[in-house]
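Each chain gets a letter, A, B, C and D, in the order it is written, and its residues are counted from 1.
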């Protein structure tokens, strides 16, 4: 049984484990004040072309989202998110638990646009309603789509004009930036969003996300918020060492490219078979729509999520590839899938 | 410069890193549903002699404390803690951030007794005050003391009679259980407290604490609380693998014994020199009171926390040893310390 | 300028003011422990035919909702509400501020049904999402519709079977119970819902809502929650005296009947003029759809909310009548409205 | 039985009730947008000599404290209060329920000084502890003492220098300002504190406190916070009308003077009898220390709180007088008290 269920099924890239081993017995200060974390922060600033951002390493995505959003907002302010946004449904009310409403917007492709935001602003007019203040986007999105540079520019301008904070969840930022359709660079991001995170967990690290705070007014006292929410790891080195390894030689991008290439191989073959997809996804998550009988047969040897029933005979499944997905497995999967499909035709 | 600042200066015990490497490319389910976490949970239940407890693995102590306490209490209920208790001052208001007051009690030795609790109950009499409901203790305490079996029994009975929840922070439980003065066993604990955690981070793991919920009424839906607070790691295996390694062959206890033995060597030598201590500490943290000039000289080669000014000439320092502290370093430290002390005499 | 903007434009019914004056210099205990509040609670229990409910008087609706819901839910549990539900959009995130998500459901007529609830339950399957636990309904609803006895029975059964708490916001319960279409009695309610409140503010009191807790498991320590949220008024008598006056001689129902009758007069005349309504409303709020030019002319002498644009020429307005609305004003309004409408025709 | 238990035993001053009656059937906008509230706000600004403050009317003290403090602080920031401060113990954790720790300081006389604050700041040095940010004081204090102008000036300067917010709970501000020992004027206050409230409930109103926000940076969006916490009363006129009546002809000060004079009469007579007091109190709460047998006899005809056991034979009681306390009752009480005391001597 091979799993395409997600991009965190394996441990970490071996180079990362090696780095942990090599540094293991060095004594370091705790709580993110170790030399590795400090080096990583400097390195990331360099990669982003910005010395004036603040960077914090945090264990996971939900934790990063809840700390950032609750630190950035005052009690009456709310976040706007696509209804598909991870914080809206899939984080057990983590944001609401910090006291903030999420205003959701129905979207087609997982992406928010200025017109969505305008609609929310138009509706929220007085103190009997929350004040929309932060815009949450994910790149790549939860359904595999990506924000192109111009998409982000338009959002950024709208947010700037309307005094909104633009926050980007980058759990799968590597995959987004390495997509064939992407025209956005790491260096572009800090001038377009107010804060974002670079996801490590889903791109080869054991744990870890790097939160980058670009807007000055959001920076103060951020470590207090981290500690208060249980996010200052005693052995913060665990995060620092991993991110250093990911970024010192472009490992981060190499891993994301592998994930995308593996997804692309499957996508291309399915397109040849005239299989339709639920969404346009140029990243490492794809959502082919398959006959239920095909899905059942595939499940004998492969595991994956059934994403959505499309009609009584067809469902969309989610195939996720990762830094660890190997070409021979993908080829075998394609072969198996074609076989099942051809059996279907002949039946 | 050698650091006695804390017991989380190094990475993890090599066996733990090896276990991570060996399992690295196996595919596992996420969020604590991996086979390693499941095995660990079974193993820990066995070690505790109880199949009816619930066990959850969580990254760190502050996070464990805040999730457990906020899950266990209703909004108007409060925790009682010694004023030295970690949650009271050293977790950035993490418990209050979840909405709960901490009622602090001044204690001499870091330990709560039934009479402390009775005082709090007597004072809180109606709905204009919070309702004391959970008793937070640490074992070993923040100042190195330990709860003996009879201490815990008395607290346990009092809590039972007064419908209080007894919760034990075991960040340094290993050191407590392996102390020369300890008469408490792992198997004793579940019948004495309602919930507690077994600390991994400060006893050889990279990260990780194992929360054990003993009282049935506190168990329901606990994973919801973990997810809501950002504590369900995508790669939960990272916690499972480490705890499995710690407990499958008593590594957990071996490491704690080393920490205690190293502290004991220093303590014994200092006692011979007639050095006084701030607290009676039979665990891996000791607090000798030294002349300020001695402290300054020591700081040239060793780092540690200055804990408290005792008078204008003397201060208490905190020396923490760990699983990673080596005997030769301790011998060198003792030698250096004696030299500084003897210079002092001859001056 | 006469206002049909809401049912809280005037002060209190004169009998209520008289009661305040008569009792004014009597000394009473504070915080709801006065004799008036105690008498009121007994009287309300009698009217409800239930001695086993708990009753608490609270200043206003938002406060009642937020205290009740946050007292009833554990941190990971969520409320389900119609998207038109007052708590969802019109209370500035009061529920979320206590840490709980509201799961909204799009409805046609302001009312939730078991099938709406089933949909929410089906979607929320694991600990990565909040746990739906409390069902919030309003009677009458925010758009004037009412729950009939059978509606409530079905909801009640569904909630019972699915371990959900059914909570009814009765800000306008008087109007609902006195509607021509109503078949529900005060005595019916406690066996159908787990908690509800009887609205005073919108039915002739200066301030005040009476929260009735029917389910035993929700009763404990409720006054702690009230105090914590600032709802135990030092002069709780202010609430007790008013509710006593409202219920000792059926004033509550007389006032609601007046409100309904006034709305009914307007509705009937508009129906004769073939005016359409946005919703079917048999209570004291009606939502006629009028040409924009008619609305403008009416606004010269009457104030009311423009509820919704229907198309480029028509909008729905909200007309609210109350205990204080006088028949002559209503007749004048009808006359004026007819005049404006007939001018429209002749133009 | 006559009650000296508190200053909210009676209803409202008759002039206030009259004002409610006179305005009763006027139609007003809801939620504090009525003309009475607006007039009151203008009048209060005039009395304070400041047009640049923001003023909001709120039902009660706990609610005012919790809204103000939670609106003013960011999540990691804490309030400093005397251990006798009302928010610390007597508001059921209302501040902690909004997520903020209260750092308490033991004080002798209910009053904070710069040296108390310096101690708190010295202790809280890094992100592992909360950040002290707001200083909560009460004037008059919970034990009857008052802040003189110079006390406040010193606090104010300290807070300014250390970037702390100075917030004054004025539940009994009238009594403080009308004390014989007072040298502070209403006009002085806005330049000395960042926010404060003028208490109505304990000085002749049915309900109501007027929060005055002086520091610009604390003003934004305050009505959102009020609504979110359930404090925007639909019939906000109830608060506006009362405060207008209290301040249009100095009724507020006349009532406070009566309260103080009545307390003063009792105090003076007790001093003549060589009775000691627990605290120096020049306001409307006094704390005489009496033999327990005397207290028991008094309790046959008078009710009051027993504040504190002083030793096995003596206790301090709390006598509170108010706007409604009549001279003849006070004279009778003094006579009775003297009789009991003289019996004691002769026994």
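Here is the rule we use: a contact is a pair of C-beta atoms (placed from the backbone, for glycine too) under 8 Å apart; a residue touches a chain by one contact, two chains touch by 3 or more.
Every value quoted in this text rests on a predicted model; they were computed, and no experiment measured them.
Among the remaining chains, those touching subunit B as well as subunit C are A, D. For subunit B, the chain whose average C-alpha position is most distant is C. Looking at A-B alongside A-C, one finds more C-beta pairs in contact between the chains of A-B.
Per-chain Cα centroids separate subunit A from subunit B by 34 Å.
A straight line joining the Cα centres of subunit A and subunit C is 43 Å long.
For subunit D, residues that reach two or more other chains under the stated contact definition are 75-76, 91-93, 97-99, 127-128, 130, 224, 227-228, 232.
If you check the complex, the residues on subunit D that touch subunit A are 31, 70-71, 74-76, 98-99, 127-128, 130-131, 221, 223-228, 232.
Partner subunit B is touched in their complex by these residues of subunit D: 75-76, 78, 89-93, 96-102, 127-130. On the subunit B side of its complex with subunit A, the touching residues are 2-3, 5-6, 8-12, 14, 17, 20-21, 23-30, 59-67, 91-94, 97, 201-202, 206-207, 224, 227-235, 237-238, 324.
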